[in-house]
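Note that the chains are named A, B, C and D in the order they appear, and that numbering of residues resets to 1 at the start of each chain.
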């Protein structure tokens, strides 16, 4: 199959190039970027030397559509809702890594993204690409809204106990911590080395666009209709997201029972690894890989469950999960080109 | 006044040396370390060259007591409860940076520190040295239990709303994040560069010894008797602690009202800086200084208060607050030798 | 005395604010920045909260000149050569942290800075502010060309053996390594966290504008007329410069003899610290301070001298040396407001 | 083929496990570590979960030899010279990642490693495993002395001009810079996070054991008999080595001619990538991969050649090159299991 990547200059795009390079069933035919068109891809990304030998193209929809079967949109929010439908209408498989098709309601999108959605009628066509939870729907989808990085870590961390109704959804607090690569490759003061290094900051408290995304899925899974607390912190590292999740228990369970529940829930999911009791995952243990590692604890003193969930934000939180979804959509082994050993240390 | 530092080889000890070097009313007479006695201090800490010209001494209690008036114990837990009383009985002012005298009950100490306390009768002599909260008691104390780094950030962050009874203590969740220097200078695998860099990990979940310390003070301030959730995470940075605090509100207040409450509570506290609405403190904005910077938000969707509190763990979280307490105990201006501009970037 | 800072929004400007804040003989009257005028200084630099309470002004030369006695130019290259002369002509003391007045020949400036110099006649008025070497001339100067960060580390490292004629100038190789803050606060891709962290790169090889600056002084000190090799590397850290210097020996000397030469050359220089044999300075041992720490080695196998010289690029390499020069120019103790203990760790 | 790894607990061992896991022709049969025997491999390295499911064994030579065909020694120096010969004598293929068999003279080993060599008669059996230079000899070898990390970067950087005799060997200066993982996994103060982060230090100047290794090969390639300057610096990053190399030219050549020479020398070497003029490789552009990227410059002012060479110290500088050599020895495609895209950012 022939693949095109729209928005290839960002880190998500570069990561798609890394992952697709070894994929036996696809070939990257088109590498598109608005800001760097005309440059050779290795000028932008010297590490890709000897893997890709192409010039970055411009967005000519008709021409691209004539050449590729599958499109990845690794664009900032607000782009794909304009252009994706044109590819969709020509029957192309569309996998959108941006937030444009994740929220069911365009009003919610407008409120949190501060933009009008230009293609609201396509929202119901989109399947939310949290593979482990929505695999069956993904198989038949033509348009995937690939989950946000934080929501991936948060939702994979909380899904088993939500489904089992062992926690009270309204008490959920999710403290999110992220490396800097999630902010994209565009140089801004807030991502400058001297501002990030030896520093830690909270940001977008109460207003992060991943809040409605997480709530939407939590409510869908639990059947509840509630609000949760979700906060975001910038950590001086490049890759990695950790969500520490707190929730009040609805029944008396032990740590081992929770571990067993997680292992059983994810028994057929090759990218979920559950830690044993009193072991906690570290972000570096998943770097460069598509894993989501999870540790849990029942804190008997407070009758709360504490969950720690980690991913590589550029892989399971973006490009890796996108490729995973492509594999599922095409009936290929879900781990194709994704069975990568994390790079440690 | 003459000062002695017991445990000078750790980072807390080194930071005491930095801060006391400019103090107009004291002189560091004795620099004691079990592990490095006999070495010149600049061999251990070349950065102190041209500031100190002393050899690290050994712990000879009688001799030290004959020379100094004030003792700082920058020792690991389990040491000062053995030796501090001997100095105390000779009328020396004792400031303990370890956890040995912070918990009122020796049984609690035994449970969380996994050690027997050898001097339980002195626990009631100790005043908890959270300066902004216990200043009046500190003035008359002879033995200060200098607060832990996490408890300092957490308690300064939550005290105003606890006192005002605007939050429900039993709903408090404190997500703590720390740089690595808090683990001390002893080389262990878990603090090795290659294990920490580009990595983030949760640790000691449910069992951190700062849990009972925070609860003890929260209960003392609020009059409640409750348990709270407190977790700890290791962040790839050297200095800095951030506590993100969540609590359910007991009444309807606005972000600005909370800010006003904090400003008024801390109006006479030179080391507390309150951010304006929608501004969040970053750890680097306090690096090298004795400040605690705090930002708050009312999240109307969830009816929760979110507080972000940051300190330099080696200064306000250890050596700086110790010097602040020494200043208060001696009737000196509280900011003496501590009015330091943070080092940014 | 009243001081004005032109270009206060960069890191050099912020560092001047930190250092001048405690200076007993001056007061910062004007904080000027083209890009952030009208904002409160603590909006740009929250860490300065409770130290400065001013709004950033715009560059109105006449008005500023009427208010201040001393001007620091912390502007990018190409600015001060336009505006500094107007202050100079009104008798103001001018200390330029940029490269505009460092090179004696305007043709050399034009060649390496790729700009025409608009005030070449002032170049001979400027005194090169490498305090330890040109202290006597600085005392009588009205215009100081404050040295570049790399040249400060390189020249302090090599001056004693150049003067003693123990090395062959034409064999000098200087391998420079710098933290990122030297690149300024302007966000560019090359200083983004994700591009710098866990990365190391050489840059501007053969074309760095500090090459002619270093050569000019080496030739002035040695009486030679030669070229040297100087390279620059970006290191994943915020502050700190190290120069590793190699040179062939002209006579047979021991490491200890070189150490003695350095100690004697710098015996009256409070900011130079010479390491003993087989000890090497680390950049963190000078962080936040005005020190230059130096270690030397005679490598008998190759008959070469190796010198390692470190500074904090924002202090001794910029703002600190500028304040040091101001102190010298005014007859104040050279260490006024600069006797700072490095922040370690 | 069955493979055993002796010294699997270090980072070199962990990297071998990562690389061999995907190798189609070998299987890791034995994972041996003195310090962690009896533990499950995922206890030591949680990132290997779902890739390896073995317990770390102890060193029982007879038993291991009965099970495996190929042995990797990822031990600290001083171990393999004791045990490797016993495997060698049983006809096993031995690839030693330590320095024990790299130096031709046991006296040189003794002088620089400060240890007596216990098996000097085997030194002449060992082939120096710098694949690109000694490929033909490697094909027939039974014992490979896998090159040191610094020597790999330095020698690949300098070989083409040495062979072409375009530089004067006695003028060679190599400034080496390394991430911290090269120091191994054993916790020591010098590799602690708080001592390394935001810091840069020179170490082992004039005494690094890689000096004789580099000189031996330089002299072998050039036919000269000379000494060179080689220095080492610790950089705050986990992976990556850069060597900046300086040498006087023996004839007048242009930068482009040097680039052409390098491209032609390495035209059949899949892991060497030469940058075009005025482009410099960064360490992160090879992270996680077996590449050595090289940039060169003729500095006409000084008539010197400057070379910048980068590798991932754990891959091309250790485990990757070891696997590359195994491939060559067995007649497999040299890139088997090594054609890895660097992880950027």
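Rule of thumb we're sticking to: a contact is a pair of C-beta atoms (placed from the backbone, for glycine too) under 8 Å apart; a residue touches a chain by one contact, two chains touch by 3 or more.
The shown structure was predicted, so the numbers you read here are calculated from the model rather than taken from an experiment.
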Report back the single chain whose CA centre is most distant from the CA centre of subunit B. D
The larger set of C-beta contacts, choosing between A-B and A-C, lies at A-B
Find the geometric centre of each of subunit B and subunit C from their Cα atoms only, then give the gap between the two centres in Å, rounded to an integer. 36
CA centre of subunit A versus CA centre of subunit C: separation in Å? 45
Roughly how far is subunit A from subunit B, centre to centre by C-alpha average, rounded to an integer in Å? 38
At least two other chains touched by the same residue of subunit C: list those residues. 11, 181, 194-195, 197-198, 236-239, 281-282, 284, 287, 345
Residue numbers of subunit D touching subunit A in their complex, please. 11, 14, 17-18, 21-22, 45-51, 181, 197-198, 238-239, 270, 273, 275, 279, 281-282, 284-289, 291, 293, 341-345
Complex contact set, residues of subunit C against subunit D: 173, 175, 177, 179, 194-195, 197-203, 205-206, 227-229, 231, 233, 235-240, 242, 244, 246, 280-284, 287, 295, 297, 299, 301-302, 304, 306, 308, 310, 345
Contacting residues of subunit A [partner subunit C, same complex]: 11, 180-181, 185, 187-189, 191-198, 236-238
